[in-house]
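What follows is a single structure, and I will ask about it in a moment.
By written order: A, B, C and D. Residues from 1 in each chain.
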Amino acid sequence: MPHIAFIGLGHMGGPMAANLLKAGHSLSVFDLVPAALEAAVALGATAAPNAVHAVSHADIVISMLPASQHVESLYLGEAALMQAIPGGALLLECSTISPDTARKVHAAAQKRGIAMLDAPVSGGTAGAAAGTLTFIVGGEAATLERARPVLEAMGKNLFHAGAAGAGQVAKIANNMLLAIHMIGTAEALNLGVANGIDPKVLSDIMRVSSGGNWSLEKYNPWPGVMDGVPASRDYAGGFGVDLMLKDLGLAMEAAQASRVATPLGSTARSLYALHSGQGSGQLDFSSIQQLIKRRG
Amino acid sequence: MPHIAFIGLGHMGGPMAANLLKAGHSLSVFDLVPAALEAAVALGATAAPNAVHAVSHADIVISMLPASQHVESLYLGEAALMQAIPGGALLLECSTISPDTARKVHAAAQKRGIAMLDAPVSGGTAGAAAGTLTFIVGGEAATLERARPVLEAMGKNLFHAGAAGAGQVAKIANNMLLAIHMIGTAEALNLGVANGIDPKVLSDIMRVSSGGNWSLEKYNPWPGVMDGVPASRDYAGGFGVDLMLKDLGLAMEAAQASRVATPLGSTARSLYALHSGQGSGQLDFSSIQQLIKRRG
Amino acid sequence: MPHIAFIGLGHMGGPMAANLLKAGHSLSVFDLVPAALEAAVALGATAAPNAVHAVSHADIVISMLPASQHVESLYLGEAALMQAIPGGALLLECSTISPDTARKVHAAAQKRGIAMLDAPVSGGTAGAAAGTLTFIVGGEAATLERARPVLEAMGKNLFHAGAAGAGQVAKIANNMLLAIHMIGTAEALNLGVANGIDPKVLSDIMRVSSGGNWSLEKYNPWPGVMDGVPASRDYAGGFGVDLMLKDLGLAMEAAQASRVATPLGSTARSLYALHSGQGSGQLDFSSIQQLIKRRG
Amino acid sequence: MPHIAFIGLGHMGGPMAANLLKAGHSLSVFDLVPAALEAAVALGATAAPNAVHAVSHADIVISMLPASQHVESLYLGEAALMQAIPGGALLLECSTISPDTARKVHAAAQKRGIAMLDAPVSGGTAGAAAGTLTFIVGGEAATLERARPVLEAMGKNLFHAGAAGAGQVAKIANNMLLAIHMIGTAEALNLGVANGIDPKVLSDIMRVSSGGNWSLEKYNPWPGVMDGVPASRDYAGGFGVDLMLKDLGLAMEAAQASRVATPLGSTARSLYALHSGQGSGQLDFSSIQQLIKRRG
């Protein structure tokens, strides 16, 4: 069984590493937060004093970090982690970052003879804990086949989006679309309610009509319409406003770099920025319903 | 079997009347266009010289007209059609119009002891011909039960959205949401393609992920991704840009009257207005992909 | 000197009527609010028991009402005021209403041989009190010349925008543009401050550069940058958010009727609707700076 | 008189260098395009074989490059130009780039004891030729005083926006606001014309009313309203759509980095991206009027 180095043991990385341990892998782990490191050690991992140490004997390196700058700094910065990874190793970069950064890391990996996938996930902390994450993968098909067993120890759906960076592009395109239909759903429900319709009745009609979308199907933003979703527990838990704002920022960055128009996507970003700026950054992203709803 | 008066025999009204005739109803019909009238007569209807004549002995009156002003003028204008409808009759107003106009006609009907439903449809000309329309109904539940047999001769889904006007509100809320996720889908696909992803692969990923929506499921806007949809036949047929623009105008009118914000809905309307203004009014509404796509 | 009937003695109409009295005109006045009526009587006007009575011997009729529906109901509704105005009289409709309503009233006036102008104002309650309003006029040039002396008793600038309804169109186009550059100014200042620039320095630079506009010149929205503006007194006074929201609604109505795209205008309306919906309807419209500003 | 190194002799840099020569300065120049280099030599400059050579004996270094990546690569990339500039020299970076890149170059300059200003310009190629550019400057006040004589040889207005990077922030905030009021003006004129008003009359009214802004005052986008502007010569010349798109991209980048909302700014970027994508990238930016105008 290959030996794995795991860098970044936060809300997502921690449970992902736990699932790898559960599957019988040996892990060298590193995180800047001692408590995160200790939690992994308690489950059987070996703590490394730094990232370079963690990867130096790894067959597979997995990283799960907050943002582009952390990934860029880790692999391409002064620590020169890429130099420390053994040639021939497999690198699975699971953070959600800009396609551009992903491509830079791919290029550096290739120079060193390291096979790499950009493999951002969806499914949130619940999916990470349950081992039911979805991986959206960019890189070569053969590399994906090689990575499949270890990815399947952490998730249940693997999508191959295309070449290097394509995993990131597909993820941010998907999340931009998610933000758009969530806000659209919030607008439609608010318009209906302001005109006297019951939000549950309207949701039922639109869900099976041409307005149908994932937000209506799985994640209704109007409080009380659907059980077990954040809207029915004061928007606690779920996928936070600030995380959606970050993903929309990545989408805008990619749109600007490729000079394409995203009129709804960019308005969606501004609405999430307004909402976050009013102090709602930690609420679930379906709380955009509150911004849209007329209160006064 | 009740005798029906049918006013408005256009692209939608014509086939709807045909299905009623097929179900064995006797129909008095009226339309300003002689050819439309003759087509219905050829199927067994009796042509009336004007609308007043058509309704004067009707048990049920059905109307299917282009826009609010036609409905308002027909029922509340100088012709005073409402006065000519027998007391106790059933009025099924199937046009897509402003909730406000619908409520005015409801109020006038009520004064005359006429039971009314606003019952806009979805399903397009194909659904009208096949008798598989969806009716989204506003009015009293008892009236809906009374109307059910005749509506089921023309369609297969009946939704009761709420009180008078609620059928219109639900329909325009749904269509606003449809426009939003269609444009959002077009933006996401364009962003992906501009960054090197195959539109079919990206569609498959988003369709089963949190970006999933009716546009991806049934009506993919990128040419060649899905068979049998307008995008794969140069955007011919389907639901036209100018019809979507009209429905978005109704949604904005309702939003303005109720003073609610529709930031994505209103941007969607502006995009369809731009697209129509560039000469694409007759194309299917999924052709918004062409506006979003970078050509230069 | 011609005898004037004045209908509508609110925040704007009251001081306008006062200026006409000061100029030596005899006035018959009507308002639904007794206190408003009494205030005008105290200044020398004659109270009429209703609008019909007020206009029956008038050479000139002036009306100043809140919205389209009031104007439509007054002139074209059951009271049939238009029938009561003497043929040959001059009608000055000063409310801000939809161009469509203005044109309907024009048409009804013309049938009766009454010369009419739509003459919405800008300048606010301060301008009404000081007699320094701006009138933006639609109708025939000869009618404007006939009206000039009485308009100049209430204002100092007269613009002839064009034919019937053009006064309304020009006013709402102007106010839409005002909303757009006010929000744009708020966004630019917020972006600058968030990046460490002093709002006064940035205002000074943009004011004399290509970003220059009336908001920067006369009505800076950032608190403390400019003396004597609403932003420097907690956004009290000035032109209220709800009045701007109403004018933007009229602009959208006109855009929808003429099927044109207003991508920034419609986003501006949604932002003012959000702001109003959060309880800021009574603040000055430059308080949109508060919506845009990141608080959290 | 100080010896100047000038890097980047394009449409802007070429005439700026020419004005410095005219003022009597000695110049070492470098550009990748031989023709640009030869043109400067013909006016008296000394061509350097590369940038390092150009700066090695300079008292003042001026650079004028297309975008952030060129500036970053020039000063911070492998060529290590910053190391080649003599300690104590003055560095005037005049390109329009991201504030972030500007701050990185400032930091590198400071380490080497080089005084630096970010000094982006406005005024276009005409202003560069006439020596009437506006410089919007970020950096220390004392450095600005030291740079004043050389900047005044190329321009006539100097604004001190604030600390390092502030020149870039102020410029992109200003240009975002410019794009917003230009599009707003185009929307207002189009709305008026679609409702029967003469664009010149409407322009005159709004220009002196609360809609007033630089676009109406100096750069009317409707063809034929104003003499001598791009709109009256088929949108040739002026400030190109693609340049405005670039500046809006920088504004969005800064907004995303500082997590602020720019709902109109981001819609403006999308509209310029649509317009560019339809093949109008080389037209003047006031040609956005064409996108907004209903053609069909």
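The criterion applied here is as follows: a residue touches a chain if its C-beta (ideal position, glycine included) is under 8 Å from a C-beta of that chain, and two chains touch if they have at least 3 such contacts.
Just so it is clear, the structure is predicted and the values come from calculations on it, not from any experiment.
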{"item": "Classification of the chain A:chain D interface as same or different, half of numbers criterion", "value": "same"}
{"item": "Identified repeat of the A-C interface (over half of residue pairs identical), from B-D, A-B or B-C", "value": "B-D"}
{"item": "Which of C-D and B-D has more C-beta contact pairs", "value": "C-D"}
{"item": "Label of the chain whose CA centroid is most distant from the centroid of chain D", "value": "B"}
{"item": "Separation of mean Cα positions, chain D and chain A [Å, integer]", "value": "37"}
{"item": "Whole-Å gap separating chain B and chain D, where each centre is the average of the chain's CA atoms", "value": "50"}
{"item": "Centroid spacing, where centroids are CA-atom means, of chain C and chain D in whole angstrom", "value": "39"}
{"item": "Sequence positions of chain C contacting 2 or more other chains", "value": "255, 259-263, 267, 271, 273-274, 276-277, 292, 294"}
{"item": "Touch list for chain D against partner chain A, complex", "value": "245, 249, 252-253, 255-256, 259-263, 266-267, 269-271, 273-274, 276-277"}
{"item": "Residues of chain C that touch chain D when the two form their complex", "value": "99, 122, 134, 136, 157, 159-163, 165-166, 169-170, 172-178, 180-181, 183-185, 187-192, 194-198, 201-202, 204-206, 208-214, 217-219, 251, 254-255, 258-265, 267-268, 271, 292, 294"}
{"item": "Of all residues in chain D, those that touch chain B in their complex", "value": "263, 267, 273-274, 276-281, 291-296"}
